[in-house]
Amino acid sequence: MEIILAIVIGVLYAAGVYLLLRRSIVKLILGLIFFSHATNLLVFLAGSLSKVSPPFVQEGQKVAQASVADPLPQALVLTSLVIGFGITAFALVLIYRFYQSSGTVDFDQLKED
Amino acid sequence: MSNPYSNIFRIAATKLRPLLFILSLIVLYRGHQQPGGGFIGGLMAASAYILYALAFNSAEARRKLPLSTSALLGTGLAVILVSGLLSVLAGEPFMTGMWTTLHLPFGQELHLGTPVLFDAGVYLAVIGVLLTIMFDIIDIE
Amino acid sequence: MENLLMLPLVLPVLAAIVSLFAKNSLNFRKASGVFFTLAQLAVAIVILVKVYRDGILVLQVGSWPAPFGITLVADMFSAIMLFFAGLIGFTVSVYALGMMDERRLKFHFYLLFNILLLGVNGAFITGDVFNLYVWFEVMLISSFVLITLGGERKQLEGAVKYVTINMVSSMLFLAAAGLLYGKMGTLNMADLAVKLQHEPASNLVNSSAMLFFIAFGIKAAVFPFFFWLPASYHTPPVAVTALFAGLLTKVGVYAMIRFFTLFFMPLGGIWKELFLITGGLTMLIGVFTAASQYDIRRILSFHIISQIGYMIMGLGFFTPLGIAGAIYYMGHNIVAKTNTFMVGGMVSKLKGTFELKSIGGLYKSHPYLALLFVIPAFALAGVPPLSGFFGKFILVKAGFDSHHFLVTAISLFVGLITLFSMMKIWNEGFWKKQPEDAEEVIAYQEKKLGFAMIFPSVVLALFSIGMGVAVGFFFDFCMTAAHQLLDPSSYIKAVLGN
Amino acid sequence: MQLIRIVGVVFFLAFLTPFIDKRLGKISGYLYALLPALLFTLLLKQLPDIIDRHFIIQSIDWFPLLHVHLSFYLDGLSLLFALLITGMGTLVFIYSGYYMQHYPMRGRFYFYILLFMGAMLGLVLANNLITLFLFWEITSFSSFLLIGFNHERPEARAAALQALLITGFGGLAMLAGFVLLGNVAGSYELTDLLQDGAVVKGSKMYMPLVLLILAGAFTKSAQFPFHFWLPGAMEAPTPVSAYLHSATMVKAGIYLLARLQPILGGTDLWQFSLGLAGAMTMLVGAYFAFTQFDLKKILAYTTISALGMLVLLVGIGTELAITAMVIFLIVHSLYKGALFMIAGAIDKTVGTRDIRHLGGMWPVMPVAAVATFLTLFSMAGLPPFLGFIGKEVIYDAKVQAPEIAVYLAILAVAANIFMVAVAFLFGHGVFFGKKKDPPKIPREPAIPLLIGPVVLSVTSLFMGIYPAILTQPLVLPAIDAVNASPVKLHIQLWHGLNLVFLLSVITVTLGLTLFFFRKPATKALRKFNQRYFKIEFADLFRKLVESFLSFTKRHTEVVQHGYHRFYLMLIFIVSSLLVWYQIYHTRGWGFEANWEEVPFYLIGISLLIITAALGAVFTRSRLVAIILLGVIGYAMAFIFILYGAVDVAITLILVETLVLVLFVMVVYHLPSYMPKYSRPTSRIRDGIIALVFGGFMTALVLKAEFIKISPPISDYFLKEAFTKGHGRNIVNVILVDFRGLDTMGETVVLMIAAIGVFSLLKLKPKKKKEE
C-alpha cells in the first residue's frame, strides 16, 4: 500500500513545483502549501505503516502494546505542521503586503535592479 | 456587518466564548493522556476570541482578553522556560520532568508535572500567537 | 555543569520574554537586547574553553538517554561556531544601536535579533537531525521577519524570493530527515553515525543524502542554489544584512560539514567530487558576479557566495587540514564579512547611498573609516598578515597536499578578483573625489558616526588582525575540531556513552 | 643582533607617524632619516662577521603546525640588500623631508613609506618563505598606496590598481609555488632549502613550482610582458619612485631569484626562462627609454632594461655572471636613485619633467649638473666609475657564458648602446642646449634635494676607483651566498686590453653616435612605433580589465537575471538531476509493487487527493483552488486517522481550517486571481520539470519504505511513556517531554510568525519619503 501513497506524495510535490513556477504570486503560496503537505505526508510515511492502532498506553497498563503505530513520525509531523502553519500565515500576509506596495501579483514584473 | 445574520452570530459568539474556553482547558489538561494538548487547546481557546472578533470587532475582543496578546506570548514563553528550568534548580539536566501528586478533597488525585506545565505554556503562547495574527488581519478590513 | 549547554538557548528566549513584557520602554529593550547578546558571547567563550580543556560537552535534555531524547552536544567545531555566533551577535547588536531607526527598534528588533541567534546557536549545538530542522526554522522565520521589518517595497520584493527559496530548502531538509528516519530508525546524529558505520547496505542512504546536500546547499548559497541571496541581502537595513552575511549561510555550511563528515562521506560515493566541483563553481561564479557590481552591498553580497565556495572546497579535500582550513576560513569570513558590511553601512550613513558611482572622497574626509575598511577588505582579499591570508594559505596547502590542483588554482585566482573588487570599493568610494553631480548625496544630510557604530567595527578589525597574527593559537582550535570531525568516535562516545 | 628588532623597529616607527607628524610637522622627514641611518651602521658592523661566514639565523615560532616561522637569516646577499635599503632609505627620507613638506597628508606618506621599508627589510632578511611572502605582499600594498598617493587623479588610481593587480597576480602564483616547494622539500626555511637543491630539482613538481615562483619574481621586477606597470607607477611622488621603483621594491624579484638560484637554478628551464624574459625586458626597456619625453618615464624604462639585465645574469648563473649581477645591482641602485632624485628636484624647482621644456640649465644649477653627469657617466659605464666595472664584468660574463655567448653579448651591447645614448640624452637635454621657458624660473634645487644625488654619485666614483677596499668586501659575501660556494675573485677597474674592453669601446662609440643623431633617430623610431609597434601594454591591460568587467556584467545578467521563477526552476532541475543520478547509482533495493494489499478506501482517498491537486493546479478560479486545497488537507487528515495518528489528524483539520480562513481573508484583498500569464510551451516545460521532481520524491519514499536498516528508536517511547513520562498519549509525551526542545522551538517559530504578521501589517514605510 506504500506505492499508492508514494505516488500521492509525488503528485503533491509535482503540483507544488508546477505552481511555484507560475508567475502569479498567489500560486506561489499555493505551491508552498502543496510542498508542505507533501513533506508532512512523506515524514509520516517514513514510519512503518504496518501498525495502525493509535499510540496510546491503554488504561490499566504500563506499557503500550506492540501493535501501536510508530509515535515518533507523528510527533515530528505535528511539529512541522505547526511550524508550517506559522510560516504560511506569515507568507500569506507577506504577499498581501507585497501586492499592496508593488501593485501587482505578477512576479515577472519585478526584476531586481 | 449589518445583515440579519450578524445578530445571531454575535449572540452565538458571546455564548460560545466561555464554553470553548472551558473546553480548551479540558483538552489541555487531558492532553497528556488522551488526544489533545497545548496546541489543540490553545487553538480552541483562541477560536473563541476569534469568533468574537469576527462577530464584533477586534478591539472589542481585545478588551475581553485578560492579558494583552503580547503579554500572552510572553507569559506562554516564560511558563515554558520555567517548566524547563525547574529541574535545573534541582540540579537535574534542563527540561527533566519533575512530578508531584496533589491530594485533592474527595479522594481525587491530581498528577502534576513540569511537562504539563510546559504544555500549559504552549497553550498560552498559541493563544497569543493566533490572536495576534487574526486580530491584525481582521483589522485590515 | 552540563546545564551550561542550555544557556545558548535559554538566554535568547529570556531576551524575547523581557522584550515582550517591556513594551513601553524602548531604552530598556535596547539595553537588554544588547545585554543578552553579550551574555551569549560570554557563555560561548566559557563553552569554548571548557570543550578545549575537558573534551566534548553533552547535555541530554530532559535526562532522556541519548538516542531517545534530544541531545545537545558541543564538540570543538560547535564550540568554535558558537563563539563566532556570539561575537557577531554582540558586535552587530551594538552596531544596531547606532544604525537602526527608532521605528524598527520599536517593532521588536532586538527580540527578533536574539531569536535569530537562538536558531543559530541551536543549530550549532544540537545533536539531533529533526531538532536541527526546528532550529533552522527558528532562524529562518526570524530572518524572514527581520528582512521584511520596515515594510519597504524593495524589502518585500526581496523577501518573497528569500522566503520561497528558503522554504523549499526547509521542506527538502525535512523530507530528507524523514527519509533518513524511515531507513535508519533514529534521529540522533551520533546514533546515526554508528548505525551507518556498521551497515553494509548503508550506501543506499546516499540518495536521500543528496536531498540534504541540496537543502544545505540552498542555505549555504552555493552554486547553483544561491539566487535568493543577492536578490534579497541588499534590501533590509545594513545592520540586518551584516548579521545575515556573517552568520546565516555559515549555518548551512556548518550543517553540510557536520552531516557529511559524520554520516555520508565515509560511505563513499561522489561526495568529494561533488563538493570540489560545487566549491569551484561557487567561487568563480560568485566572484565574477561581484566584479560587475557598483553597489557596495551587492558587491559584498556576491562575495559571500564566492567565499562559501572556499569552505565547500575545504570540505571536499576531506583531509584534516582541509576541514580545519574550512573551519578557520569560516571564522575569518564571518568576522571580516560582517565588518565590511558594517563599514558599508557607515559609508551610507555619511553619504546616504551605497552606490559607488555617487560617492567618493572618504579617504580624505574620514581617514579612520578608510582604515576600518581596509582591514576587513584586505582580510577578505587574503593579504598577510590578516586572517584571510592564512585561510587561503591553509586551504592552498591542503589542496596541494591532496593533489587537487585545479580547484586550488581557481581559489587563488578568485583571491585576485576578490582583491580587485575590494580595491574597486576603495578606489571609487575612498580615493575618488566626491562626484559633484551625485544628486542623492548632495540632497543628503550627512549623519555623524557614533561610538556604537565604530566600536563593533574596531573590535572585529582587531579580531581579523588577531586571527592572522596569532594564527597558531586560533588554528589549534580548528585542527582539534577537524580531528574530531574526521574521527567521530569521540563524538559518538560522548553522546551515547559506551 | 636581533634581526626581528631591525624589522620591527621600522614598523613601530611607522605606526607612530600619525602622532609624530602632528607634533613635529615639517621637519619630521629629516628625523625619520635617522632610523635608516642607524640601521645602516648597525648592519654595516655585521660585515666582518659575514665575511668570516658567521651568518645569523634567528627564529620565532609563528605557525609551527604548517612550518611557518618568523625566522630571519643574515648572509652576504641579505646584508647587501639590507644595506641598500637602509642606505638609500636614509637619503630618500632626507630628500622627502624637503620634497614632501608641503604635501597634503604628509603623515600618511611617511606611514606608507616606513611600512614599505620595514617590509622590504623583512623580505630580504626572512629565512622562511612564508614570512618572506608576508613581507612581499606588504611591499605590494604599500606600493599601491604610494602610487595612488595623489589619489584624486584618475591616472594615479588606475596606475595603482594596475600595479597591484599585476604584482598581486604574481604574488598569488608565487604563494602557490612556495607551497609546492615547501611540500617537496618539507620546509619553508631557506637555510634548509639550500641543502635540498637536488631533491627539489629532481621532483615531479619542479617545473610548475619554478614557473609559479618566476611569475611572482617577474611581475615584481617588471619583466616583460609584465613590465608596463612600472612606468605607470611613476604617478607616485618622486621620492617613492627613487626608492621603490628603482632601488628597492623592483629588486625584490631579483633578490628572490638570486636567493633561489642555488636551490632552483642551473637547469635548462631556469636558464631558458630567465634568459628569455631578461633579454626581452632588457631590449624593450632600453628601446622605449629612448623615445620618452617625461624624465621619470625615461628613467622607468631604463630601470626595466636594467632589471632585465639582472634577471638575465641570474639566469646565466655562472660565477662570473653572478658577480656581474651583484656589481651591476649596486651600480644601478646608485645611479638610478640619484637620477630619480635629480628628476624630482628639477620637477620641484622648475615645474616640469618634460624634456621638451627643459634645457640649458647648467649655469643656474651647477651642483645638480655635476652630480647628474657623474651619475650619468656611471650609467653609461665610463671609467673610472663603478658602472664601468659593472659593464666590464657583464660583458665578461656574457662572453664566457656557455653556448649562447655570442647572442648574449650582442644583445647586451645593443641594450647598452641605447643606455649610453639615453644617458647623454638625459644629461644634455636638461642641462645643455637651448634654454626653454619652463613654468618656474630655474634655480639651484634646495640642499636636501641634492644631498642624495651628490652622495650617490660620489659613492659610485669612489667605489670605482677603490674597488678592492670599498667594493670587494661588500660584493664577495653576496656572490658567495648566491653561488653557495666560496668565491675567490679580484675586482679591479682595469682589466687590460681585451675583447671585453673592445666591446665597451664599441658600446660607447655607438651610443654616442646614436646620441648625436638623436633627432632623426627618435623621430624615426617614434614614427616606427606609431606605425608598427602600436601595442601599449598598459592600454592592453586596461582593455583586458574592461572586457573582463563587461564579461562579468553579461555573466551577471545571465546568472542573476531577476526572474524568480527561473531561479526556482534551475534549483528544481539541478536537484532532480542530482537526486536521480544518486537513485540510479544506489539502485540496489528490492522493490516490488503489491497492489492487492491496498485497501479500496485508500485508493479512493488517494484518487481524491490527486484529482484535487490537479484541479487546484489547473483551475482558473482562486476560490476553487482554495477549496480544493482544503479538500486535500482533510483527505490527508483521514489518512492520518487510518494509520492511528489521532492528534495529527485533529491538528491538521484545525490548522487547515485556519489556513483556509486566513487565505480567504488575505486573498480577498488581492486582485482577481490568475490572469493567464504563461504560454502552452512553458506550461509543458514546467509540467515536465514538476513530474521529474515529483517522480524522484516518489522513488525516494519507496526506497525508504523498502530499506529498513535498523529498527526505530520508538520502542523506547512505547515502553517508557507512561512509566517515566507519566502520560498515556505517547505522541503528547514525545512532544512535551521526550522532545520538548522541538516544541519549544516550534512555539518560538509561531511567536515570531505572529510578530512578523504584526510588524508587516503595522509597520509601514513613511509615505513622504521616496515611493
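Chains: A, B, C and D, in written order; residue numbering restarts at 1 for each.
Keep this in mind: a residue touches a chain if its C-beta (ideal position, glycine included) is under 8 Å from a C-beta of that chain, and two chains touch if they have at least 3 such contacts.
Note that the structure is predicted; figures quoted are calculated from it, not measured.
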| item | value |
| --- | --- |
| Shared chain contacts [chain B and chain C, defined touch] | A, D |
| Pair of chains joined by more contacts [C-beta pairs], A-C or A-B | A-C |
| Length of the line joining the C-alpha centres of chain A and chain B, rounded to whole Å | 25 |
| Interchain centroid distance [CA atoms averaged], chain C/chain D, Å | 26 |
| Between chain D and chain A, distance of the C-alpha-averaged centres to the nearest whole Å | 50 |
| Where chain B touches two or more other chains, by residue | 34-35, 39, 73, 77, 80, 84, 95, 97, 129, 133, 136-137, 140 |
| Residue numbers of chain D (touch at least two other chains) | 560, 562, 564, 568, 646-647, 651, 655, 658, 662, 666, 669, 697, 701, 704-705, 708, 712-714, 717, 727-729, 735, 737-744, 746, 748-758, 760-762, 771 |
| Sequence positions of chain C contacting 2 or more other chains | 13, 16, 61-62, 130, 134, 137, 141, 144-145, 148, 151-153, 160, 164, 168, 175, 178-179, 181-182, 187, 230-231 |
| Overall pattern in which the protein chains touch one another (line/ring/star/complete/other) | complete |
| Chain B residues touching chain C - in the complex, by the definition given at the top | 68, 70-71, 73-74, 77-78, 80-81, 84-85, 87-88, 92-97 |
| Complex interface listing, chain B residues touching chain A | 34-35, 39, 129, 133, 136-137, 140 |
| Residue ranges of chain D in contact with chain A within the complex | 560-565, 568-569, 572, 593-595, 597-599, 602-603, 606, 609-610, 613-614, 616-617, 622, 625, 629, 632-633, 636, 639-640, 642-648, 651-652, 655, 658-659, 662-663, 666-667, 669-671, 673-675, 677-678, 686-687, 689-691, 693-695, 697-698, 701-702, 704-705, 708, 712-714, 717-719, 721-723, 727-731, 734-735, 738-739, 742-743, 746, 749-750, 752-754, 756-757, 760-761, 771 |
| Chain A residues within the chain D interface of the complex | 1-24, 26-27, 29-30, 33-34, 37-38, 40-42, 44-49, 51-59, 61-66, 68-72, 74-75, 77-79, 81-90, 92-97, 99-101, 105-108, 110-112 |
| Of chain C, residues touching chain D in the complex | 9, 13, 16, 61-62, 64, 67-70, 103-104, 107-108, 111-112, 115, 118, 122, 126, 130-131, 134-135, 137-138, 141-142, 144-145, 148-153, 160-161, 164-165, 168, 172, 175, 178-179, 181-188, 191, 195, 199, 201-211, 213-214, 218, 224-225, 227-228, 230-231, 269-270, 274, 285, 288-293, 363-364, 367, 378, 383-385, 389-390, 392-394, 396-397, 400-401, 408-409, 412-413, 415-416, 419-420, 423, 427, 430-433, 471-472, 475-476, 479 |
